[in-house]
Amino acid sequence: MDIKYYIFLSVALFVMGIIGVLTRRNAIIIFMCIELMLNAVNLLLVAFSKMHHLAAGVANPNAGSEAQLFVFFIMVVAAAEVSVGLAIIVMLFRNTHSVDVNFLNRLKH
Amino acid sequence: MGITQILFWALSIVSLFSALMVITSKNPVFSVLWLIITFFTISGHYILLNAQFLAVVNIIVYAGAIMVLFLFVIMLMNLSKDTEPQKSKWLKLAGAVAGGCLLLVLVAALRNTEARMTELGTGEIGLIQNLGHVLFTEYVVPFEIASILFLSAMIGAVVIGKRDVPIPVQKETEKIKEMQEEMVGPIL
Amino acid sequence: MIVLLLFLMPLLGGLASFFIKEDRTVRSWALLASFITLAFAIVGSMPSTNASSLEFSTPWMGTLNSNFALRLDGMGKILCLLTAIAYPIILISTWKTTYRKPNNFFGLMLLTQAGLMGVFTSMDALVFYFFWELALIPVYFLCSGWGGEKRIQVTFKFFIYTFTGSVLMLIALLYLYFLTPDKSFSIESFYRLAEIKGWNQTLPFWLLFGAFAVKMPIFPFHTWQPDTYEQSPTAVTMVLSGLMVKMGVYGIIRWVLPVVSTAAYSWGDVVSTMAVIGIIYASILAIQQNDLKRLIAYSSIAHVGIMALAIFSETHLALQGVMMQMFNHGINIIGLWIVVELIERQFGTRKLSELGGIAAKAPALTILLVVMALANISLPLTNAFVGEFMMFAGIFGSTLTKYNVVFTVLALLSIILAAVYTLTMIQKVFFGPANERTVNAKDINLGEKLALSILVIMVFAFGVYPQPLLNITDGYAQSIITNSTKVLSQTFTK
Amino acid sequence: MKNLILLIPLLPFLGFLINGLLRKQLSKGLIGVIGSGTVLTSFLISIYAFLNLDAIGGGKQISGSARIIGNPVIHYFDFINVGSLKIPFAFQVDQLSALFLLIITGVGFLIHVYSTAYMHEEKQEHFGRYFSYLNLFVFSMLLLVMGANYVIMFIGWEGVGLCSYLLIGYWFKNIDYTKAAKKAFVMNRIGDLGFLLAVFWIIAKIGSVNYSDVLTTASLARFSSGDIVGITLLLFLGATGKSAQIPLYTWLPDAMAGPTPVSALIHAATMVTAGIYMIARSNILFTAAPLTLNVIAIIGGATALLAATIALRQNDIKKVLAYSTVSQLGYMFLALGMGAYTAAVFHVMTHAFFKALLFLGSGSVIHAVSGQQDIRYMGGLRKKLPITYFTFLIGCLAIAGIAPLSGFFSKDAILLSAFEHNKVLWAVGLFTAGLTAFYMFRLLFITFNGTFRGTEEQRHHIHESPVAMTMPLLILALLSIAGGWINIPEVFIQGGERLSHFLSPVIAVGESAHIAHSTEWILIGLTSAVSIIAILIAWSLYKKYSDEKETPLTKALVNKWYVDELYDTIIVSPLNKFGGFVNRFIEKGTIDGLVNSVGRLVNYGSRQMRWLQSGQVGNYVLLMVVSMVLFFVLQFFLRK
Amino acid sequence: MNALIFSAISGVLMMFSGFALKSGKAIRTLAHLLLLATIVATAMELRGIPFFSIKTTGMLQFDHFALLFTLIAAVSTLVFFLLSSKDMEKVGVSYAEYFALIFFVLSGVVIASAFQSLLLLFLGIEIISIPLYILTGSDKRSLKSNEASLKYFLMGAFSTGLMLMGIALIYGATGTFSTALIQASKSGVPVLLSTGMLLLLFSLSFKVSAAPFHFWTPDVYDGAPTVFTSFMATVVKAAGFIAFMRLFSDAFRDIGSEWKLTVAIIVAATLFIGNITAVFQQSVKRMLAYSSIAQAGFMMLAVYSLTAEAKEGLLLYGAAYSLATIGIFAVLIKMKDYTFEGFNGFAKQQPLVAATLVIFLLSLAGIPLTAGFLSKFLMLKATVAAGNMWLAVFAVLMAAVSVYYYFRLLQAMYFKEGRAQAIEVTPAFKVTLIGVAALTIILGVYPNLLLYWLYF
C-alpha cells in the first residue's frame, strides 16, 4: 500500500478538522474538530512508523516504535487538554450561558 | 487488490464521510457520535498497520473516555438540539474555501513524495511488550515529564472548577472604546 | 587622561546636581563644574600638552570588537574648546532666568555637555553612536520639560526625526564594520575602508549623511529646527544651535569624508546642490520671519549650508575654514541667543513687530547685539569673516567639481541676503521710536555685560588673529585632504 | 619707520576706542580734541612718510618713463596662513597710497575740526558716538589704502561701508534714515560680492593676494585673457558699489541722511573714491583687459551724464551735491576707462578738495538757516554769510572747471585723454561739464542771491558760522584753487605733470598726450567756453528766483528718472513676494507637510490596522490559514 | 536537570501548601524560597555541579545556552514574584495554585530550552501552554478573563495540531524525532521535510506571537489578569524564542534556503503590525501587548540569522525585555486606570518610580546605555552579517516608530498635567524596581556580566 494514500487520507482528515474550526461557532464542536486534527496526525504517524519499520528491516527491529509512542503521548496530552478545555468552556457557560465563540468579542482592536 | 486493500479503502471512505458529518451535522450530539465513528475507523487503520496497542488505547481513551466526557458536557449544557446559531453564509464559504485551498496546496506539494510501500498485516512493534519496553527504557524521561503535564492539568481543573463570587460589571473596556473613537489627533 | 576628564567632569557634575535641590547652590555648582571642564579643555588644546595624555582606550562591550577609545585631535580640540567655553557663558547669561526644578534642568544640561564632549572625542564608531544618543536624550527632556506651549509636539517631532536619522547611521556603521578587514569599530580600521567600491560606499554614505544632514540640518531636512528653537528654553536653544549643530558637521568631516571618500566625491555635487539651495532658501525665509528666534534659526541653517558646501569641496582651505567657522559660528550664535534671551526676558516678546527703539534706552545691549549681528554677517575683522572667507575661497578653488564657480556665486548671494535680514532685525528691534512696550527699557546688568563682552572680545580676537585656532586644526585638515586625494587618485586612475 | 607707519591707522583707532568707550565720561571738548588730534597726528606722520618714500622703499623715477619698482611692503604678522595660502597683515606705502594718505588724513582732519562745531548741539554721548564713528571710518579708510594685499583692502573696504552705515543711520530714531543706511550697506554688499569673487579667482590662479605677487607683468602671464577680463570686471562691480556708479548709485543720494560733515568726508572726499583707488592700484590688470576698460569708460560716461541731468532739478542742497558727486565719480571712471589713471587720481584729489568744500559750505548754510535744506526756502544769504558765500563760489568755479582753479586742470586732463581715445565719450564729457557748471551755479544763485524765502524766526538767527567751521572752509578753498597746479600740463609750462611723474613707479606713464599742442589749446578753450556759457545761462535764469515750470521732462528729472521705483518693482518687491510664497507654501506646506504626513500616515495606518483585530476567533483562524496557504504557495510554487 | 526537577517539585509543594498554609504571606514566602533554591541549583549546574545524573537518552541536553536561559527565566520570575506576587492574591481564591502553575510553566520553560527531540519540544510547549490557559482564565468573575482564556485555549490547541502535523511529516521524511539526526539526515530536502518544517515554523510563530499568527496576543494579554499577563508576556515569550532558536539551529540550519524567505517575511510583518498598531492604543496594557509583538519581531531576527552572536543577543534580549516589561507591568498592576491619561502627572506623585519607568521605557525603545539597545544592536548586527541589509533598515525604522508610543507614556508621566492617581508602593517594591533598573543599565554597559556564562 503506497504511503501516499495514508498521507492524503490523514491530510484530508486534518484539513476537515481545520474547516470545522473555521465554519462552526460552537466552542465544543470546534474543540472536537481539533481532536479530529490530532487523530489525523496520529494516523499519519502510525503509517510512517510502519514505513520506517519496514525500511529498517532486521537491522533495527525497534525502528518505528518511537512514532507509536509519540502517538501515545499525543493521546495523553490530548486527554489533559480536554480536561482543561472543557473546564474552561463550562466556566464560560456558567458566566454567559452560551458557548458561541461569536459572542467572544469584548476584546478587540 | 487483496483483502487489506479493500479494507483500507472501505475504512478510508467511512472515516472521511463520518468526519464530514462531524463538521456538518447541526446537532452537537450527532457530531459527537460521528466523531466516535471516525475514531473507530481510525482504530481500524491502526490494526491494519499492526498497531494493535494503539488501536485499543484509541478506542478506550478517545471513543471511551474523552468522547463520553464531551457528551456529558453537551448534555449538561443541554445543547442537545439544533439550536446552534449558524455562521453567516459568507464566513462559512470563506472558511471552506480557505481549507480547500490548504488541502489543495498540501496535496499538490506532497504529491511528489517518492513512492515507498508499506505492506500491511505484518510486523509486531505495535505489540504492547515491545512498546512497553521502549517506553520504559528510552522514553522514561518524557514519560515522567508527562506526569507534570497531568498535574498541571489537574490543578487547572481545580482552579477553574472552584466556585467564586459572581461577576461585577466591566466598565473600563467601554471607556477605552469610546476614547478610541475620538482618538486625539496625531502628535506628529 | 585629560580627554577622559573632559567628559567625566560634566557627567559626574550633572549626576551630582540632580541631588542639589536648592536653586542658587545648583546653579553655582553647575557653573563651577563647567569652569573646571573649561580648564581641562584649555589644557587639552594647548600645543604643549603631550599627546599621550590626550588618548584613552580600553576594551568594553564584551564580545563586540569595540574599544572605549577617546582621543583629542585637532578638530576635537577646537570643538571641545567651543563646548567648554560655551557652557559657562550660557550659565552666566541665563543666571537671572528662573527654572522650576532647577536641579533637573542643570543636571540635564551638564549631561548634554558630557555627551557632546564624548561625540567630539570618540574614536570608535560604537562609542560615537553612544554619545550621539547620550547628547540627544537630555536635550529631549530639557526641551519638552521647560519649553514653550507647543513644546511637547515640537520636541517629539525633533526627537523622532533625529532618532530615525541616528538609527540609520547605526545601520551604516554596522555595514561598514563588516567591511573592515579586522572586523573592528575603531576609526583607524574605518579609515582603511576607503578602497571599497560602488554600492558598499553609496549605501553607507547616504545613511550616514542622512543622520548628519538631519542634525545640521541641511535643506530639506531642516523643518524641525525653527520650531524646536522657537519652543525650547533659550539656554537649550544655545546648546542646540551653538553646539549640537556642530555634531552634524563634525560627523561628516570625521565619519563620512575619510571613510567613504569615493561616494563623498561622486555624490558631492548632489549634496552641494542641496546645500546651495538650502543656503538661499533659508536666507530668503529669514527675511520673512517676524520672530527673533525663528529668524536666527533660519540664518543658522544658511550658515551651516555654507559649511556643508565647503566640506564637500574637499580643499584644505575650505576644511580649515569649516573648522574655524564651527567654532566661530558657535560663539556668534550663542551671543545672538543671549541677546534674544535678554530681550525676551525684559519685554516679554520676540516679535520684531512689537519691538523697536531700544537703542536709545539700552545702548550697551544695542552695541553688543550689533557687534554680534555684524559677526553674523561675517564682516571683516570679526571671526566669522575669516572662516567664511576661507570656505568660499576653498569652494571656488575646488577642483573636485565642475560647478565650483556656480556654487560660490550662489552661496555668496547669502552674504547680501544676510545683510538684509540682519540689518532689518537691528533696525526693527533697536532703532526707530520706542513703543509702549519698550519705552521704559532698562540696560543690561553687569553679569550679562560680562558674558557678552567675553564673546565680543573673542569675536574680534579671532577675527584679527585667527592663526592660533588655525594651527590647532591644520594637521587634521591636511591629513583628510591627503587621504582623500590619495584614495580618489587610486580609484579614478584605474 | 615700520612702527611709525603702523601708527597712522592705529591712532584713529585709538581715538575710536577712547571716544566710544568713554563717551559718557569725557567732555565734548575733550572728545573733539581726541577725535581731531589723532587724525592730525596721523596726518603729520603721513606727511613724514610722504617725504621719505625712498626710505620705505618705494621706487622712484630716474628719467622720462624709466623707473625703479621698489618693494614698499611693511609686513606685520600673518593674518591667515593655511597650507599654500599666506595672507600677511602688511601695509604698502608707495606713491599712490601716500597721496591718498594725505588726502584722507588731511581732509579728514579738517572735517573733524568742522564737526566739533557743527555737531555741538548733540547730546554728549551721541557726540562721542559720532566722533568714534568718524575715527573708525578714518581707520578703515587708511587700512583700505595702506593694505598690501586685496584682503586687507577688503577689510578696509567693508569697514568704510560699515562706518557709512553707522553714520548715515546716526539719527537712529528716524526710521527713514536707518532705512537709507540699510540701503547703502546692502548695495555696497552687492559690490563687495564682486570684489570677493575677484579675490577668490586671484587666489585660485595665483595662490596669493599680495599686490607684489599679483600686480606684476610676470604674474599676468599666469592668467588667461578670460581670467583677466573676468577678474577686472568683478573688481569693477565692486567699484560700482562703493563709488556709486550705474547701476548701484542710488544709495549715495539717500546717504545724505547723515550729518553734513559725514557727507563731506565719506560721500564726497574719501570713501566713494575707494573704487578709483582700487582700480588705479590694479592698473596693470586693467590695462591688460581692454574690454573691461571700455565697459568702465561707458559706464562712467553714462553715470556722469545721468547724474548731472538729475542734479539739474534737485531742490535739496545736499541732494544736488550728492548727484554732482556721482557725476564727478563718473568722470573719474571715464578717465580710468581711457587708461588715464593719473588723470583719475588727479581728479580724485581736486574733487576731494572742492567737493568737501562745497559740502561743508552747504553745511554751514544749513547750520545758518537752522536745519533747512530746501533751497527754495533760502536765498539772499550772500550778505549774511560772506565767508561761506565766497568759499562756496570758489568751490563752484573749481567744479565748473574755470581756469586756473584745480578743477580746470583735472577735468581738462580727463577730457583730453577722452578726446584722443573716443570722441563720443569726449562729447559726453564736454556736455556734462556744461551741465555741471549750470546746476552748480543754479544752486549758488538760488541759495545766495535774491531775497530770503524762509520763515521769520529762521531769518532772525541767520548768522555766519563759528571759526571752527569757517577755518576749514578757507583752507579747503585755498586747496581748491591751488591744488590743481601740481599737475599742470606740459603745454603751460615745461616740467609740468609732476604728479604723473611722481606716480609713475605705481602707474605706468603710458598715455602722455600725443596730440599736437595746438589741438590741445583748442580743446582747453572749448571746455572753458562751454562752462562759461553754462554759467551765464544759469545767471540769466536764476539771478532772481521764480518757481520753475513743470514739464514732463522736468518732472522726470525731479523724480530722478524713477530709477528707485524701477528697482523696487523689478527686484525688491518680487523678492518679498517670492519669500512670502516660499514661507507659506513651500516651507510650511510642502516640506514640513511631507514630514508631518509621515507621522499622520503611521497614525492612519494604525487606525486601519486595528480592524484586523476583530475579536472573532473564527476570523483569526481564517487569517492564519489563509496566510499559511500563501506561505506554502510562495515556498513550493513561486520560489521555483 | 536541576532546574527541571527543582521547579517540578516546587510546583508540587506549592500545590499542597494550599492546604497546609493559610496565610497568603506564608505561601508567598515559601514560593520565593523555592524559586531561590531553583535559581541556586541552576547556577550550580551552570558552574558544572549537577545534583542528579539522569540518562535522558539524548532527549534533553543542558548546555550552557539552555542553563543560562533557564537562569534568566528563573531570575526574571523571581523579580516578577518580588514585584507582583502580592497582587496575585487579588485575582482569585486559589493563591497557592497560581504559584504551583507558575512553577510548572517554569519547568516547561526548562524543557523547551533544553530539548533535543521533537517529542520533548511538544511536551515542553504543552506544559507551558496548559497552565497559561488556566492562569489566563483565573479571574473567573471577569468575563474578559474567561473570554481570553477560551480564545487562547482554542487557538493554542489549533496551533498544537499544526505542530503535531509538522512533526509527523518531518518524521515521515527522516524517520527520527531527534533534532541532531534531522540535521544529519542527508536525504536531500524531501518535500515532506520542508512542509513539516513550515508547519512547525507556523505553530512556533503562533507561540511567540509573530505575525500573521499573532492575533491571539492582544486579546489574551488584555483579557488575562494583569499579573499573569506580565509573566506570560515576558518569561514565556522569551522561552518560546529559545525553543524556536534551538529547533532551527539544531535541526534546520542547513536547509536555510527552505525557510529564510518565509522567516524574513514573518519578521517584517511582525515588526510592522506590532509597531504600527501599538501607536494607536489608548490602554497602556494593550499597548504593551502590541509592543510585545513588536519586540517579538526583533527577537525573530535572531532566528533569521542563526549566528553565535544572535544566540548571545537572544539571551540578552530575553533578559532585557523581560526585566523592563515586568517592571512596567508591576507599576501598571497597581494603577486603577490603565489608559495613558491615567499616567498624567505620575512623575510628580511618584518621582522615583517614574524615573525607573523611564529607564525601562528607554530600554524597550532601544536607547543606548540600556540593555535594550545592546540586544537590539546584536540582532541588527546578526542580520547585517546574514547579509540582509533591507531587513535591518526596516527594523530600525520600525524601532523609530516604537519610540512614538513608548515616549507617549513618558510624556504623560512627565510633561502632561493631570490628576495623578495615588498608588501605594512599599519600600521593598521601590528598592526592587531600582535594582532592576540598575541591572538594565549595567547589562547595557557591561553585557559580559551575563554573556560570559555562555563560555565559562
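Labels for the chains are A, B, C, D and E, by order of writing; each one numbers its residues from 1.
As a convention for this text, contacts are C-beta pairs under 8 Å (C-beta built on N, C-alpha and C of every residue); 3 or more make two chains touch, one makes a residue touch a chain.
As the structure is a prediction and not an experimental result, all values here were calculated from the model.
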### Set of chains whose contacts include both subunit E and subunit A
B, D
### Query
What chains touch subunit D and also subunit E?
A, B, C
### Query
Which one chain sits nearest the middle, judging by mean Cα positions?
C
### Query
Looking at CA centres, what chain is most distant from subunit B?
D
### Task
Check A-B against B-E and say which one is joined by more contacting C-beta pairs.
A-B
### Summary
Taking each chain's mean CA coordinate, subunit A and subunit C are separated, in whole Å, by 66
### Query
How many angstrom between the C-alpha centroids of subunit E and subunit C?
43
### Query
What is the distance, in whole Å, between the centres of subunit B and subunit C, each centre taken as the mean of its C-alpha atoms?
67
#### Entry: Geometric centre distance via CA averages, subunit D-subunit B, whole Å
99
### Query
Which subunit D residues sit where two or more other chains touch them?
596, 599, 602-603, 607, 610, 613, 615, 617-619, 621-622, 625, 628, 632, 636
#### Entry: For subunit B, residues that touch 2 or more chains besides their own
87, 91, 94-95, 98-99, 102, 106, 109-110, 113, 138-139, 142, 146, 149, 152-153, 156, 160, 167, 170, 173, 180, 183, 187-188
### Query
Considering subunit A alone, which of its residues make contact with at least two other chains?
3, 7, 17-18, 21-22, 25, 30-31, 51, 55, 63-64, 66, 69, 73, 77, 80-81, 84, 88-89, 91, 95, 101-102, 104, 106-109
### Query
Which bits of subunit E are touching subunit D when the two form their complex?
151, 154-155, 158, 191, 194-195, 198, 202, 206, 212-213, 215-216, 218-219, 258, 261-262, 265, 273, 276-280, 401, 404
### Query
Mind pulling up the subunit D residues that touch subunit B in the complex?
596, 598-600, 602-603, 607, 610, 618-619, 622, 625-626, 628-629, 632-633, 636-637
#### Entry: In the complex, subunit A residues that touch subunit B
1-9, 11-13, 15-20, 22-26, 28-29, 31-33, 35-36, 39, 42-43, 46-47, 49-51, 53-55, 61-66, 68-69, 71-73, 75-84, 86-91, 93, 95, 99-100, 102, 106-107, 109
### Task
State the interface residues of subunit C toward subunit E in the complex, per the touch definition above.
60-64, 129-130, 133-134, 137, 141, 144-145, 151-152, 156, 159-160, 163-164, 167-168, 170-171, 174-175, 177-178, 203, 207
### Query
Hey, which residues of subunit B end up touching subunit D in the complex?
87, 91, 94-95, 98-99, 101-102, 105-106, 108-109, 180, 183, 186-188
